[in-house]
Every structure is written in C-alpha cells, then in structure tokens.
Amino acid sequence: MPDASIPSAGPVDPALIEDLVAANRILAQNGVLDAWGHVSIRHPNNPERYLLSRARAPGLVSAEDIMEFDLDSNPVDPKGRRAFLERFIHGEAYRARPDVNAVVHSHSPTVIPFTVTDEPLKAISHIASFLACGCPVFEIRDVGITQGLLVTDSKQGAALAKTLGDKPVALMRGHGNLVVASDIPRVVHRALYTEINAQQLATALSFKRPIKYVEPDEAQDPKRLGDSWELWKTQAMQGA
Amino acid sequence: MPDASIPSAGPVDPALIEDLVAANRILAQNGVLDAWGHVSIRHPNNPERYLLSRARAPGLVSAEDIMEFDLDSNPVDPKGRRAFLERFIHGEAYRARPDVNAVVHSHSPTVIPFTVTDEPLKAISHIASFLACGCPVFEIRDVGITQGLLVTDSKQGAALAKTLGDKPVALMRGHGNLVVASDIPRVVHRALYTEINAQQLATALSFKRPIKYVEPDEAQDPKRLGDSWELWKTQAMQGA
Amino acid sequence: MPDASIPSAGPVDPALIEDLVAANRILAQNGVLDAWGHVSIRHPNNPERYLLSRARAPGLVSAEDIMEFDLDSNPVDPKGRRAFLERFIHGEAYRARPDVNAVVHSHSPTVIPFTVTDEPLKAISHIASFLACGCPVFEIRDVGITQGLLVTDSKQGAALAKTLGDKPVALMRGHGNLVVASDIPRVVHRALYTEINAQQLATALSFKRPIKYVEPDEAQDPKRLGDSWELWKTQAMQGA
Amino acid sequence: MPDASIPSAGPVDPALIEDLVAANRILAQNGVLDAWGHVSIRHPNNPERYLLSRARAPGLVSAEDIMEFDLDSNPVDPKGRRAFLERFIHGEAYRARPDVNAVVHSHSPTVIPFTVTDEPLKAISHIASFLACGCPVFEIRDVGITQGLLVTDSKQGAALAKTLGDKPVALMRGHGNLVVASDIPRVVHRALYTEINAQQLATALSFKRPIKYVEPDEAQDPKRLGDSWELWKTQAMQGA
C-alpha cells in the first residue's frame, strides 16, 4: 500500500509536532486513550495530507514516531514503520470535513456504555456544550459484518464520516468514538470532556429524575483554551 | 476596565498568599478544580478588595500570579496580566456577604449531576454537615440567555450571590458551584467535602431506600481545621 | 484531663510502633482514612493502656506522635501534645473487648452510604468474609443529640462499643465505622476490605437482582496476612 | 508435599521470566490483582510443568520468586519457599486445557458483583470481545462447603477447570475469576479487559435500557498485542 511516488507536503514546524505528541500523552494520562487510540492533525501545508503516529501506544509516542499520510491513508515515507490499521478513520474525516484539522479516535471508557444503549449522550455541563446537539452513533454492521468491529478501509471510514456529519463527536457502537475539531487543543478538550460529561451524565441518570441538558441556544465553544492547554501539556510532559 | 486610579489596599503577609496558592493546588490535586475554577480571599486590610490569581489553571498558580481587585472586579494593577472572565462571582459574593473572606468557584465533577436534576444535595456525613440545610440552585437563564452559561458581569454575579443567600454553597445549573467561608482552610474543606458528599450521596441514592440526612440540629462546623490543612498543604506543595 | 499520676506501662518494641505508624499510612494511602480517623493498639505490657497518635492527619503520623492512654482515655504523659477528641472510641472498645488489640476509626467513603440507609453491609467476597454476619449500625441520637455526631466522651464510646457487641465492624450513622481485630495487620485488612466490599456491593445492588452473600458457614479469617502486609507496608512507607 | 524426586524441566529463557514478572506487576498496577492473586506460565520445555511465583504479593514479585511445579502442583525444588495455597487453580487449568500457556487468578474488583448475581458478564466493547460468549460461573459449594471459598486441592481445581470448559474466563462466586490464554500478553490483556468491560457494563446496566452486546460473529482476538504490551510493561517496570 505504501507508494514511494506520493510526494511529501514538506517539513512541519517542530512546535506543532510537539503539540501533537503532547496531545497523545495528555489523553493517555487522563485515561481517554488506553494502549490504543490515536490523535492526528491535518498537514498545515497541504490539506490532502495528515500526520499521525506510527502504530504505538499513545502514552509512548514521540516526535520521531509521527508519519505523513495522504487522504487514502497511504503513508508517504514509512521508513519501515508500521501504520495503525484504523488510520482510515482519520483520512476519511479529513476528506469529508474541510473545517477539521485535528482528529481523535478513542475507546473513551465511559463513552462505551452510551454506544451500546439508546441513552443519548448530551451535554449537562457548559464545558461540554459542544455535545448540546447530541452524538450520532455509528453502527458498523450497517456497512457489513466486521470481525473485531474495526474500521480498516476507506469505505468503512467514509461511512463513519458520513454518520459524523457536521457534528464534533460520533459514537462507535461497541468500540469508542471519533472526535474532530479545528485544532489540537480543541480536539483534546472535546475528547476529554466527552468522557467527563459521560461520567457525570451516568451519575445524573442514576437519580431517575428529569435532566436539564444544556440547551443548544446556551452552547458556546470556549473562546480560548490557552490556560487548560498549559496545564495539560505541563502535566503530561513531566518526565517525558 | 482596568483603572489605574484604583488604589491598592497594600501588601499582604506572604504566608497568607502562600495559603491562597496552596488552596489552588489542593483543590486541583483533589479533583475539585479542573483546568479552570478559582480561589480568592478578601484583602485583610480592606474589605472592598479581594485577591485572585490571574487567568491560569489553578494547579499551576504561584504567588506572583495573585492580583488585587475591587468589588466591581476591576484589577488594581494588572501589569498586563489577564483576569478571569468569571471574577465577578467573587466580587459580588464579597459585596453581598460581609462574613465571607474566602470564595471558591469550581466545576466539582460529582456536583454537576445535582445541578441538572431536582435531586437535593444535602449532607449525609458529619464532615459535610455544612450542607445540612441543602444548597440553593442558581438558574442563569433567569437572568437572561447566556451562551456558555458563564457569569461574566456584576449583574450575573449579584444574581448568583442573591441565590446563595446566607448559605455556604450554591449550585450553578450545568456549570458547578460557588463555595464561601470565613477563611481559606474552611473554604477548601467545604469545596472538597461538597464533592465527597455528592459522591457518597449518589451511591446512597442508588440503593433506592430512604436516606437519613444529617439533621440541622446535628450540624456543626469543625472547630479547627489545622490537622487537615497540614495534610492537604503538605501533599499539594510537594515538588511545587 | 491529663493526670500526671497515671503510670506508664513502659516502653514498647520500636518494631510494633513502626507497624502502628505503617497502619496509619497504609489506610491513608488507600483512601480509607482521610485527614482524620485513627488507628490504635493495646499496650502489649498492660491491657489497661492503649497507644494512639496525637491529633494529626494519619497520612503524616510518625513514631514520635504516638501517645499512651488509659482506658478512660486520659493521656499518660502528653508532653503538650493534643489528643484526638474521639479517642474514647478506642478506650471503650478495649474495655469492652478483651480479645481486641487493634482499633480503627474511619470515615471510609463508600461505607457512609450504608450508614444512612437500611441497606445491610454484608460480605459478597471471601476476602471480606469477616462481614458475613453483617454490621450493626450505631445511632448516636440514641445517646442524645450530638452536634457534629462526634463520640467525645466515655459514655458515647461505651454506647458505640455496646452496639459493636462481638462483631468486627460497627457502622456509625452519618459518620463512618469502628473496626476491631486481634492485631495490626488484621485490623488494617478489615478496615480496607470493609471499604472495598462496600464498593463492590454498591455495584452489585445496582443490578437490582438477588445477591448471593457469603454465607456464615463459608466465612473464614485469613490464616496469615504476611504477604499482604509486606505489600501494604512497602508501598505506604516508600519515601516516608 | 514437595517431592525431591520430581525432575525439573530445566532452565527458562530469562526474557520469558522477565515477562512473567512484568505480568504480575502490570496487573497489580492496574488494580486487577490486589495483595493476592497470581500469574503463571506453562514451562516452555515440558507441558507437565508450570512456573508461578512463591507466595508473595504480585506487586512485589521478582525473577527469583518464580518456582516450578508439576501439574499436581507439587513444587519441583522449593528451596524453602512457601507456595500459594491456591496453586491448584493453575495446575488443573493446564491439565484440562492443552491450548493454554498462561493463567491468571484474580479478585478483579468489578468482576465480583457479577459473580454474586445472575447478571451475565458479556462483552460490550470490541477489545473485550473474547467475552462475547459470556463467562461460566463456578459455584464452589457444588464441590462441598469450603470455608474461605478457596481452591486448595486438585479436586476443587479440576471442578473449576471443568466449569471453565473451552472459554477464556470463568467467574468464581464470591471470589474472583480464572483467566487463561495462549501466552502472557494475551492473558494480561484478557484479565485487564475483563475488569474494564465489567466496569463499563455496570454503567450501561444502570441506564435500564436494552444493551447491544458484541455478537459472537463480531468477536475477534487482537492479532497482535505488541503495542499494548510495550506500554504496560514500560509503565509497570518503571522504578522496579
């Protein structure tokens, strides 16, 4: 599948790569990413390329693990590195959503229960108000029986991106979620608070009383994420 | 909004600032404060001034981040530092409550479910007996639709303080809480045990049996908090 | 209350004091003891004396904090050290139970919900089979209204010991528990697994299906606790 | 019981022993193994022998603690080391299942609630799809009343292995579980994700809505576990 003839979109600012590495570490440290899952960014020089770690646990990812892919998820210059089987999630999300520059795929632990019931995952906290319109749920059986429930080709990736539509988060039945945003701090914020909102909503649901979800007319993306990013990155990169 | 003509109430004992910094770290370390949220104290020399960190994640706050504000929440001498958008929560709490010298605003995770249902958050443990009379819930929609549910001006802050009344804790629907006390160790104790009591009450509620709340005639503030403060501060400032 | 005329039962093997200190640290590290709560042992030379830390957070206790008390809970030689208000829990437990040589009083977090409902706390796991006969619940209101729900004199302590009877654990409504055993490793084991069994039982109860508790004829105290004690002590004293 | 006449199957590659030690540490660090529980491997040179730590908390196990046993669970050369009372779980699992080369016995905390109710523990996440066919539950009372619920002889061990059948995981009522696999990384993966799936399923069940379990036709063992093993081992052996 690697094709030596795919030209690279060129070198990337090391500070951006450092932030991509930090995003992997942050989401691992906060329990959103387990030994699998991944974070990618669109290449700043070419919207037809994206950057993603070689197949490696996110908590161990370093700058030298970052590989370049085209939107068919072919590696540009693999140098013998193994690519994630599910990289097609990223390629197809970038293809379908020109507004998206950062993508997370996770097995976010408390999100899983919402993927296997018809209990909707919606925002109950202002920090998670990006979830005010709810999360569509991707049923991979609709694309055909898939052993392991993995998204391992462009057709499956495109079906997932279609389920996502114009939303920030799609749930994947029995698997996890897909989170997209315009930049790294925002996609980390969304992946993290999808998990936290899921935990809080599970508790609220246990009260068996009506729930006041955040209304769409109250939703607002945080204007800046510099303060939280400073904290998350500092904590995640300590001793790295 | 900063007004160079606002005179400072003067320097503050570094030991008090150290305790304010410790309060930020303690509540961050114990998961009450996330990347946002804040702790303030009333200025010991002038009841019309309060001290609050510049806009920064509480887990990273240091002595040099502490700024002085008047009760309209204008910074006295910002020196280019950015102030929290929601500082009006503090200014209006100090204005409305002369007995209050320390204020916490948090997104306390297990408090959120109680803010979005009508399940009352009341004390089930003697350490949280300050909650024996329950917590009023602030509905920001009553002041007008607010994108992001943030308290960003004096009018909203005053409405929140009015909801608080003479209580130690007010819940903020879909957002978090406001905790007030006479001093730093007490406000830390209250913010921490509001969260812990919420966790324990959520478990007790799951049994679906009648609950024996702490009765108001049994409630008693701890006479001293020196032992817990020694532990919390020691643990929070390790390696700081 | 300190009475200089109370003779000491004499010095104690430093290894025993070290284990008492370790017990404090272990239960703090494992979240059974918060900033309060305490662990004591009966004096090996005199059954009318017990050893308990001065008033200090258990996570910070060191050998020099250990004080000696008689069974009326008078300190033998306080040397200006402040004693726990609730030491009467210990004195009266030793008086009522000659078989007991170690006592823990805690605010064990997941035990609290069982103290405020009539849901019984019984063993569902073999490691907690000491709970197979259930836990009596102490209602301090039966001794008279008590602000703060604290056990601060011998009368209240004796009423609690009477509720305990011949059991290993008594719950204290809205407060925590009292755990007794023949030695330090065993009282630590019981305090720890009362909490863990409470967590597991809360989950089992949430299924709303019949529960198979450990039957009294299946209960068995572990014959030895050397392996767990080695682990707990090693982890708790790291860096101490 | 030790019999000097049992010949050893010979020395084992230190890298395999290192992985066995790592497996103990990983499952302890992740809260699957508490102060008890154990991990073993079949001897690579002789299917009638297995390797298991001497009686010691898994979080403290080192290479020199590993002992060799025959399938009757007699130690080959104990050198005065004490063996686990419950080693018969391992011996009988290896006897009954020639396909198995690694065995874990744990008190996995969130598995316990599923052992004491008839709520089935089945996969809701693709990572735990080895649980798609459910877990049989071993009722030790069927073999006779057992104080402490421990499996301490070959007869009980064989009954447990019979309950396990050809499955990867058997639950043990009021006790924990038995997990088997073809190699160390796989048995660690299974023990870890049995716990995580139990946590997620408990949350899903609390919604009181129909659950979409992973269907048997969707189940698939991960083809490789190198990436997760690299992470788990790195984290567990830090500072070891």
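The chains carry the letters A, B, C and D, assigned in the order they are written, with residues numbered from 1 in each.
Note that in this section a residue touches a chain if its C-beta (ideal position, glycine included) is under 8 Å from a C-beta of that chain, and two chains touch if they have at least 3 such contacts.
This is a predicted model, so every value here is computed, not measured.
K.L.:
Determine whether chain C and chain D, two copies of the same sequence, contact each other through the same residue numbers or different ones, counting it as same when over half of the numbers at the interface appear on both sides.
P.N.:
different
K.L.:
Farthest from chain B in C-alpha centre terms, which chain would that be?
P.N.:
Ranked by distance of C-alpha centres from chain B, the top chain is D.
K.L.:
Take the average of all CA coordinates in chain B, do the same for chain C, and state the distance between these two points in whole angstrom.
P.N.:
That pair's centroid distance is 33 Å.
K.L.:
Just the number, please: Cα centre separation of chain A and chain C in whole Å.
P.N.:
Comparing mean C-alpha positions, chain C is 47 Å from chain A.
K.L.:
Identify all positions of chain B at which a residue touches two or more other chains, and write them in rising order.
P.N.:
206
K.L.:
What topology does the chain contact graph adopt: line, ring, star, complete, or other?
P.N.:
Ring.
K.L.:
Chain pairs in touch?
P.N.:
Touch list across chains, by label: A-B, A-D, B-C, C-D.
K.L.:
For chain A, which residues are in contact with chain B within the complex?
P.N.:
Within the complex, chain A contacts chain B at residues 123-127, 129, 196, 199-201, 203-204, 206-207, 209-214, 217-220, 222, 227-228, 230-232, 234-235.
K.L.:
Touching residues of chain A toward chain D in the complex: what are they?
P.N.:
34-36, 55-57, 59-60, 107, 109-110, 112-113, 116-119, 141, 145-150, 173-176, 202, 205-206
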